[in-house]
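To start, I am sharing the structure in question, which I have written as structure tokens.
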Amino acid sequence: MNGPQAPLLELRNLVVRYGSITALRGINLSVQAGELVTLLGANGAGKSTTLRAISGLIQPAGGEILWHGGLINRLRTERTVKLGISHCPEGRRVLSRQSVADNLALGAWLRRDKAAIAKDLERCYALFPRLAERRNQLAGSLSGGEQQMLAISRSLMARPTLLMLDEPSLGLAPRLVAEVMAALAQLHQDGLTMLLVEQNAQAALTIADRGLVLEAGSISAGGSAEQLLTNGSLQASYLGST
Amino acid sequence: MDAGLLEQMLLGALLGLSVYLPLRCGQLSLATPGFFAIGGTVAALLSTREPALAGSGSTYPITSVLLEMAIAAMLTGVLAMGLGRVVLRLRGIYLAIATIALVEILRVVTLNLEFTGGALGIFGIPQPFDSAAGYASFTLALLALICWLCDRLEKTRPGRAMAAIRDDDLAAASQGINTADTKLLAFVLSALVAGITGVVAAHFFNSWNAKLGNFDASITTLAFVVFGGSRTWLGPVFGGLLLTALPELLRPVGDLRLIVFGVVILVGPLFFPQGVVTPELLKTLKRRIRLPPTPTAQGGKP
Amino acid sequence: METLLQVLFNGLSVGAVYALFALGYTLVFSVLGVINFAHGAIFTLGAYFTYLLIGGAVGANGLLAGLQLPFALPFWLALPLAGVAAAALALMVERIAFRPLRDRGSDPLLALITSLGAGVILVNLIQLLVGAESYSIPVGTLGSLPAALSIAGAKVRSVQVILLAIAGLLLAALSLWIDGSRSGKALQAVSEDPITAQLLGINSTRMIQIAFGISGFLAGMTGGLVGLSVSIAGPYFGIGYGLKGLGVLVLGGLGSVPGAVLGGLIIGLAEACVPADLSGYKDAVSFGLLFLVLLIRPQGLLGRPQSSKV
Amino acid sequence: MSLLQVENLGVRFGGLQALKSVDLEVQQGEIFGLLGPNGAGKTTLFNVISGLTAASSGSVRWRGACLDGLSSHRIARLGIARTFQNLRLFSSMSCLENVLVGLHQHGRQPSLAALLQTHSFRRREAQLHQQALELLALFQLEASSHQNAASLSYGDRRRLEMARALASRPQLLLLDEPAAGMNPAEKDELQELIRRIRNKFKLTVLIIEHHVPLMLGLCDRLAVLNFGQRIALGSPEQVRRDPAVIEAYLGVGA
Amino acid sequence: MMRRLASSLAALLSAAVTLSSCRGSDDQVLVNLSKGIPVGAVLALTGNANVYGQDQKIGIELALAALNGAGGVNGKPLALSIEDGGSAEPSANAAFTLQINRGMLALIGPTLSQQAFSADPIAQRRGVPVVAPSNTATGIPEIGNFISRVSAQSSVIAPLSISKALQLNPSIRRAAVIYAQDDAYSTAETVIFQQALTAKGLKPVTVQRTQLNDQDFQSQITAALNQKPDLVVLSLQAMDGGNLIRQLRELGYRGAIVVGNGMNTPNIYPICQKYCDGILIAQAYSPELATPANQRFTAAFAAAQSRNPKVSPIPPQLTAQAYTAMQVIGEALARLDHKQPLKGLSVSQARRALMDEILGGTYQTPLGEIRFTPEGEVIQKNFFVAQVLMNAGGESGRFSLLP
């Protein structure tokens, strides 16, 4: 541990390759405790790859991933989850053949504190009341929006220090996007640190503290959410005009 | 190398091609030993029971062998066409198991029928060649012909359609490819190759019985393709030649020979996940030996 | 005329073995989506382990000729221990033939061949070490139990009743574990989506090992039990079950635990129903049945339909 | 007569009603958009039209003729081509070969000619290659024509899939989320491209896309699906103001 | 590019064909005696028939030791080479060819009749004497003039045991027959058994079929028992036969059991254990035959097995027949060498002359005195019917020769 000023998560010059293709060409970023940082960019820019490298699903080819200042490059996924990094994957990936309650119970797989788990379960149901109504339903029978809520809740059940979300708005009706973003804002307000990957830059920047733009495996721009929202050139090429 | 072993290797290569053809359009069919057995039984029955075919010379006439091949091809072709319509609706491992079930049913029926000789089979099959080298030359010519056809197939429209189905059959269907017919074509071709191979094998083995087309053979022939590579016809040919020869070449290690054989088929896929012969390997080889590009073989690519 | 009850007994006595065999197959299939062709060899080794643990001696033809353990365990202790040894062996097979492929994300088809290779190695290793001769567990091993039971005129060997009972017990235990326990749910999670399971902190590798371990344990126990019922017929003892087990597995539905049991019992019963005059067609009947079921229900009786998302 | 007519279409998967009595008519030459959240049934509708999924009730008509029960390759040959939401390229093939497969139905040759590689066979093959290269050029992919499709960038793969679909010379092109994963600049380009190919090839386009501004700007008419039902139909302006659409899809803030 | 590779592959293969076709003229060279007189065996040491090959290997090696111990062939030792023929035709053929190319003067094998039908013609064409130690199917010596066997066909042995059973219990009326239908030996033998039964007015009340690899016979047994038989006749191999007898007895059958030649091995003792007791067996070989040749053989066998007290010291029939095959070749070689010294003969001359010697001789073997017909069929003087007597614990037993 490098002292109190060390960021919660820091990437230094992170490089990731898939075979001969270089997906990340030296990424630097840091997330301070309590921050909501959003990672923007087009498909194939390397956003998901960044999350996968942090959670240990893929091994970086170079650079460092620091957690509380300590190197976690080579940790397997279940170890990073144990450290408090929870990765809510793209496309929701709920376990469709298990019930909502079982999905949530598996979210707390590494925890043994039964009482606290029960309390967290109630918190999730409070955050997304629709899940409570459907707790005994198979996850596969939920609508897209409900599945996204389940995926987020399931990640929360691990009681993460850092929640990483990969495109939570993907394929949702604009109305539901607003609902999910509101829930995320609520979690942020409660003090949860988040790293949010989004294509819907507008929606993400509305709730984020800071944003970074990834382009072809490198970070091309960054700044506070307000700066990015008002930056003219970014506005044109990344944020679109809604 | 001994001509007898070479002949067995060539037969292995042919069987490898028979498994390869459906696999080229993504169909894991293990029916090859069944069609092989049908071809063998046809040859065994005709050559031992049909005096008209025997000819007058000291050896059995080649023309009769060719006739047997034609009959075997017709029989396996028609059978494959009928069965294919039914089984090719299945996918992946389910198709594999359904075809294994067919092979087993065929084996049991052959075993139970009187005229196929029951457990003993049919023996005393006449010889069209007086040496193994004669067989090897004939089979080599047959293999060359079938390889040439496979090569042409891969470079033309039906071959492209097959490759497309293997990559993604829904997308292929959406490009106007009749996936059912194309799969059936591959299945029938596979059956023809296996049936014809069976005819040669029956003569070469002098005798024929139900055990020659069984479950073990299904898996072994699959190993030829997986080991050799399933992206180009050279793969199964290579796999068939090598894996047939290997147990024989390993005789000097004595009691350990099948253990070493097991190690080879265990380790092979670990080091060559795409099989030993891949299109990439061929490209690299080409660069190594600096062959000038041959435009026709490039399929007309500039 | 055979009574219906007798046919039922005959079918169940074979079917129970098929079911037990297929249970181990299906467990590995459910998590990895591949068939472990070394399963038959592990079953065989389970039988040999049981034989050795009850104090049996190795014959004259292998490298281990004359070997005999310095102790002789009662059968009831030897059987689960043989299961454990077989489980250890299954873990080795997983390590050597499956994990390297998984680490490279290779085509699952390759695992068919690597596990086949592992099976070939094991079978020939057995032959090298203990020879090809048959070994038997002594008839009196079950103590004072009568050799056969007679119920309403129908007869069944006691060994088969025990086999059936153990098959039932193991099935119940396995179902309870998979559907009722936390780790069972985690196993299901791995089988549905290994990546997500990892993201939840589930160690996929560990769960796959557990599946292989249980599968090997079941195979070893089954091998020992069948060895109690019939002689251990040399290194190829389990290979015959390999093919039949495959049929059972697919008939019941790949990856379905109750399916494996249902498939085993159905094939056992179907074979028992073949009249004496046609008994030569027994195998054709079971595979014909499998073939028909596949055509009508391509996913097997209790399997989940394959779907490809567009 | 409209080019494509969807009448009272229903699709049921087990207990799930994916489409409920949907009616649509697509006119020759128009760009028709389908909006709706994931799971609303948009892709299912595409699958029914292209023959990958069977309808449980209702029917689809193409120039007045019923398409029910036709397999997808027959439908493709009638002049309906599509792309896929999750990109279904032939990943072991080069870009050129992908497009050549798209030309499948136009490359029929006598098998004997193909075996013997007769002069006419080679000339015809060369022609097909030429056509494929032209299509690749249209989508700025000619430079990577020999590259493996799997190695292309995401945007290029999307464009290659459109090139492949166009190779069959369709009259109706079904585009399933063609802009997914593109940045706004690319989306703008795409909008232009779709208009251009519509005019060049005299196409009718049926498009699914989530990006509402793109759809409003591109489409002549739009339909909105929700839970398998059509909840709105009309011009972009009409749809945007439709209270049912705002309630179920867009939300009040939009 | 593909075409280049393809054509080089084709060239390579054609070269291999050409090269290999130049072989075979080796038969004209002189017999290579540098390592001893070359004799080959091809046995099923792997695959399903491995247990038979294993038994045969012991017999051949014992005979080799006996022959060479007695000075070999006029002072020259025999050099034996054993190759694994697997349990299928392709590997048996390959092994035969390999042995022939090595210049072997005679071959023993292969283990199974099916393999013999495939491999023997190769030896026949190349003019290599074959002495089959275990092929009992009809038609083996008829493959050609170079093929002979020391394993008597079932037709001569099987009826004896039926007569004996009826002699022991004249009240037998209902016979059930069971055989393995995928086994060449079993299917041939059951026909003989059924004819013998019919000849005695005992047409089988039921015929049940099994498969070689079957282990559970509950269905066949209960179906047979339903016919209330008082005699069960089995044509099975040792493994399945042993299992079937055990299950038959466990399911309550008390009547007589007659088994065929395939179960003539002590290997059945550990399989059916105490239930083996009392079965009648037709034998082409009896360990109790009191001739000097057999006593030498059984003593040698017992000595070889003595290092392992758990193993039966009594030789199985397959071992005795394999021993006989080797002995026949050894003695024929000795006679040949007397007439025409091997040193001066080409391989093909030696082979041809050896075949004549084999067929011309009379041999005092563990099987008793044997000779050959001109076709190569064995003429065996002694056939036996024995009854299995197990000891009290059911761990071991013996074949007690019936008068």
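To keep things simple, chains are lettered A, B, C, D and E as they appear, and every chain counts its residues starting from 1.
As a convention for this text, contacts are C-beta pairs under 8 Å (C-beta built on N, C-alpha and C of every residue); 3 or more make two chains touch, one makes a residue touch a chain.
None of these values were measured; they are calculated from a predicted model.
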Quiz item: Listed by label, which chains are in contact with subunit A and with subunit B?
Solution: C, D
Exercise. Tell me, please, which chain's centre (mean of its C-alpha atoms) is farthest from the centre of subunit C?
Key: D
Exercise. Look at all chain centres (mean of CA atoms) and spot the one farthest from the centre of subunit A.
Key: E
Self-check item: Centroid distance [mean C-alpha coordinates] between subunit E and subunit C, Å
Solution: 34
Exercise. Round to the nearest whole Å and give the separation of the Cα centres of subunit D and subunit E.
Key: 71
Exercise. Take the average of all CA coordinates in subunit C, do the same for subunit D, and state the distance between these two points in whole angstrom.
Key: 49
Self-check item: subunit E: positions in contact with at least two other chains
Solution: 46, 181
Exercise. Could you list the positions in subunit B whose residues touch two or more of the other chains?
Key: 111-112, 170, 255, 258, 296
Quiz prompt | Contacting residues of subunit B [partner subunit C, same complex] | solution = 28, 86-87, 89-94, 97-98, 100-102, 104-105, 108-109, 111-112, 170, 215, 219, 222-223, 226-227, 255-256, 258-259, 261-270, 273
Quiz item: Which of the residues in subunit E come into contact with subunit B in the complex?
Solution: 1-6, 9-10, 13-14, 16-17, 19-21, 23-24, 45-46, 83-84, 86, 88-91, 93-94, 97-98, 101, 113-114, 117-122, 125, 137, 139, 143, 180-184, 186-188
Quiz prompt | Interface residues, subunit D side, partner subunit A - complex | solution = 15-16, 36-39, 151, 153-155, 180-187, 210, 212-213, 226-227, 247-251, 253-254
Quiz prompt | Residues of subunit A touching subunit C in the complex | solution = 55, 57, 76-78, 81-82, 86-89, 93-98, 102, 105-107, 109-110, 154-155, 158
Practice problem: Note which residues of subunit C are touching subunit E in the complex, please. | Solution: 1-2, 6, 9-10, 13-14, 17, 57, 59-61, 65-66, 68, 124, 127, 131-136, 138-140, 147-148, 150, 154-157, 159-160, 226, 229-231, 233-236, 240, 271-272, 274, 276-277, 279-280, 282-283
